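Each chain gets a letter, A, B, C and D, in the order it is written, and its residues are counted from 1.
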């Protein structure tokens, strides 16, 4: 490797560290992203043009064509995607990264079968890369709705863990030299892909963000391992950075939901059965309401707080909610949004969605700041949110969400809840808030119902 | 090096990182210190006993004797030292570290004169180590009062910079092989020591904490360089950690004083002349008071805030101030301390001093929290503080301390200032607060005056 | 076991690098506000596309007659660069939206 | 120049380690409360005593008949260990005081 290339890699590594650092602060995040992107560009161009190898021209052309094709595809997807589709997009891209690592491993297995360190890294890259790939694809399918059911083999946890152990033993034998041959590596690939599928498929759709974050961390590790193979520092350090940052992010998400990582991965089924039991114990009388009554109520309110949740994202109602907010503001009502950290499909997702529909930044109030304000609030409008306003988190130690901080909407003078049915939310538990005296249920799809509400308000 | 030793070094390095991290949070600081100390012990023991070298027994004995002697000395100093003497102690220890690095360099120069990398590191270790040593000794002497004057050669900045350049060129020629021989290295040592003295001697005593922090950072770098010489990771990483952490700490201190590092190092003289000019422009009438009047005033106050400063530390008045506080509290007066971040001789020094004299932690209120409280304060007692309560920092853009955040004691109903004279504080500027209508000056040494005050209060 | 020790011995510096990088990753990410979780995940995802460097090396090192290696390498480059370009672009788009709203 | 490039080439991993360590040092220290500045300075000072390891190596590697080297090494060990033991002990003493007051 030429010394220039080494220095370029060093610079890229530094841009990665600095970029990641800046990404962690709202004011500098954009700059951080650009710096990291710049470093990545540098590393790519350096790798192609400063390699000191004798390479036929047509391979250069192939590489450049590949890069052009991929860039155009990536770019188009990135600018076209709807912001509600963010989680599945990250999952898709992440899967591609994993696939890339696995492919590298396969080609390199053809070239090196002697050195034990190299074979180890190759096997690891193939296993991790393909698990990431197939796992991410399943996560993607679950999130975009193509795969609705959580398919669970009987004793799936046991099967999965056995399969994982088998994979590792298999890999060990290949490294060992006990088994070898071109075909063996494809079998390894196949089983890794299967494991990735079986790993993700039993996990509920709402847990996908955690899974994606975990898989993202794994892709980083795969990149780092490939870096060891090539003794390439930028891959190693960059990969490890993503690996450790991703893991921290994963734990942060679990913590915000008051669950453990193992509960997310292995506990899906247990969680549901508890939930089902719980659901039946709550009961009482519910009050229904309709858009025109709500319109009247809001029209004469001084202060309205909107609580957006997962259902808002699903219904794509972020634009109409913004319309509602503007209309009310014009009528002299003070409106703000209460943002729960894990409302929506991934952490911080509500911020992105509402920012996209031009909601002004200072109307989004974080949980800890808005909670004391509910006391002075006339109307709370909960749109497609459920768990994040469930008082069981405070009151019921046996509830699966017990201990999770929630938005304390109960304190408000009246509560309007928009959802389609009495079905529970992600945690699968009923919500006693719905039976509260102050609560009125506004049933219906968020987008349709809010559109009607806006219409009523306009006519007043 | 045996693999066990490598692993031990790795563990030590990790303890250093974790230890330093934990040292940064009040709850975990003590644990952090212990963890780092444990790692250090591991590294030392490992180095002695796992070295794979053939070493005569008597050398082992020598090493162990050296370690025992040094440990006893270090331990005794550490447990005996008064907390007011903290800055000079750090300076002393730091100087020893630097001296150790320089000595290593000298011995190793005798062994390696061939390899250019090694000679470079050796020369660098000698230069940096001895600058740190002699500089720290001067800082130590300045702080403990043995060296009172800031000795300044004419054009000292120019001379110092030329000397530094000469040192580097000298070192370069040694590395180059243009000059060599045993004697030459002692000349280098001598000149480095002289530079260290000349570097620190013109800087004012109150700036010593910044200088110590800088020299501490340099010792870290010297350790890292020695680590390169031995290809020893724990020295390299540990040294660099200290180097970069020390530099950040240095900048943080400068920022808290609203000065630049270069102003501290090169600007001492300039600063003074501006100050002298300023001093003369403020004037007016001052009101004097005496301990018995102050005792009456305090006896009937509801809320008293004590502002301790550099003078309190010098006068060793931290115990009597605590007595005063307890007495007042017993009489039903609400007493708290206002802690400015750079009050005293080094950052956070007041906290250490007051903690030592058993002042309860929750009575120490940080600047940002206490400032709004001065409005409701009956009496502010400023003891040996000056710059940290100087309103010029707010009002006078031409003042050298302009922009430094201060304790806004002016808002209180009455202000008592205890100091020995009208002499200015560290920044060398007069304080218009002394001429404020609400201010009364209580002249005298802090310890004596406060003792009298306590006596008067007891008699009431 | 012997092999692991060998590996450790030869790659000691590497291990330090990896451990230090883990610390940095952790240190840099913890305590970030929830608002930024989504962009951060997406940005980290783009960074993991650094595997593209390996994909390019596969192609550069490939025997010009080994069509399997070339095609797999080609695919790896395409997939890797999609991850990189798409990841950075979409992160930028998200952050752009925050910025616009802020003033 | 040539030599510098040589050095860089041979010690590439070392340079990564140094740079990463710088980042960690910075990341770990910034934003610490002023209360802890004094103990932190003292703790960092104790850490810089890691140079003691080098001093021990000097003695271990010294020619048993080279009394100059042995004495200088002896002195280096004494000074280094004073820095280490004294530094950690006094930091602990300071922090002890904070702790006691806290409850």
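Basically, contacts are C-beta pairs under 8 Å (C-beta built on N, C-alpha and C of every residue); 3 or more make two chains touch, one makes a residue touch a chain.
Values in this document were obtained by computation on a predicted structure and should not be read as measured data.
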item: Which of A-C and A-D has more C-beta contact pairs; value: A-C
item: Centroid spacing, where centroids are CA-atom means, of chain B and chain C in whole angstrom; value: 42
item: Rounded Å distance between chain B and chain D, as computed from the means of their C-alpha atoms; value: 17
item: Chain D residues counted as touching two or more neighbouring chains; value: 13-14, 16-17, 20-21, 23-24, 27-28
item: Touching two or more other chains - residue numbers and ranges from chain B; value: 17, 21, 233, 237
item: Each pair of chains that touches, named by its two labels; value: A-C, A-D, B-C, B-D, C-D
item: Chain D-facing residues of chain A, complex; value: 3, 6-7, 10, 13-14, 17, 21, 233, 237
item: Complex interface listing, chain C residues touching chain B; value: 5, 8-9, 12-13, 15-16, 19-20, 23, 27
item: Contact set on chain D toward chain C in their complex; value: 13-14, 16-17, 20-21, 23-24, 27-28
item: Touching residues on chain A, where the partner in the complex is chain C; value: 16-17, 19-21, 23-26, 29-30, 32-34, 36-37, 40, 43-44, 47-48, 51, 53, 55-56, 58-59, 62-63, 66-67, 69-71, 73-75, 77-79, 81, 83, 86, 89-90, 93-94, 96-97, 99-101, 103-104, 106-108, 110-111, 116-117, 209, 212-213, 216, 219-220, 222-224, 226-230, 232-246, 248-249, 252-253, 256, 341-342, 346-349, 351-352, 355-356, 358-361, 366
item: Residues of chain D that touch chain B when the two form their complex; value: 3, 7, 14, 17-18, 21-26, 28-62, 64, 66, 68-70, 72-102
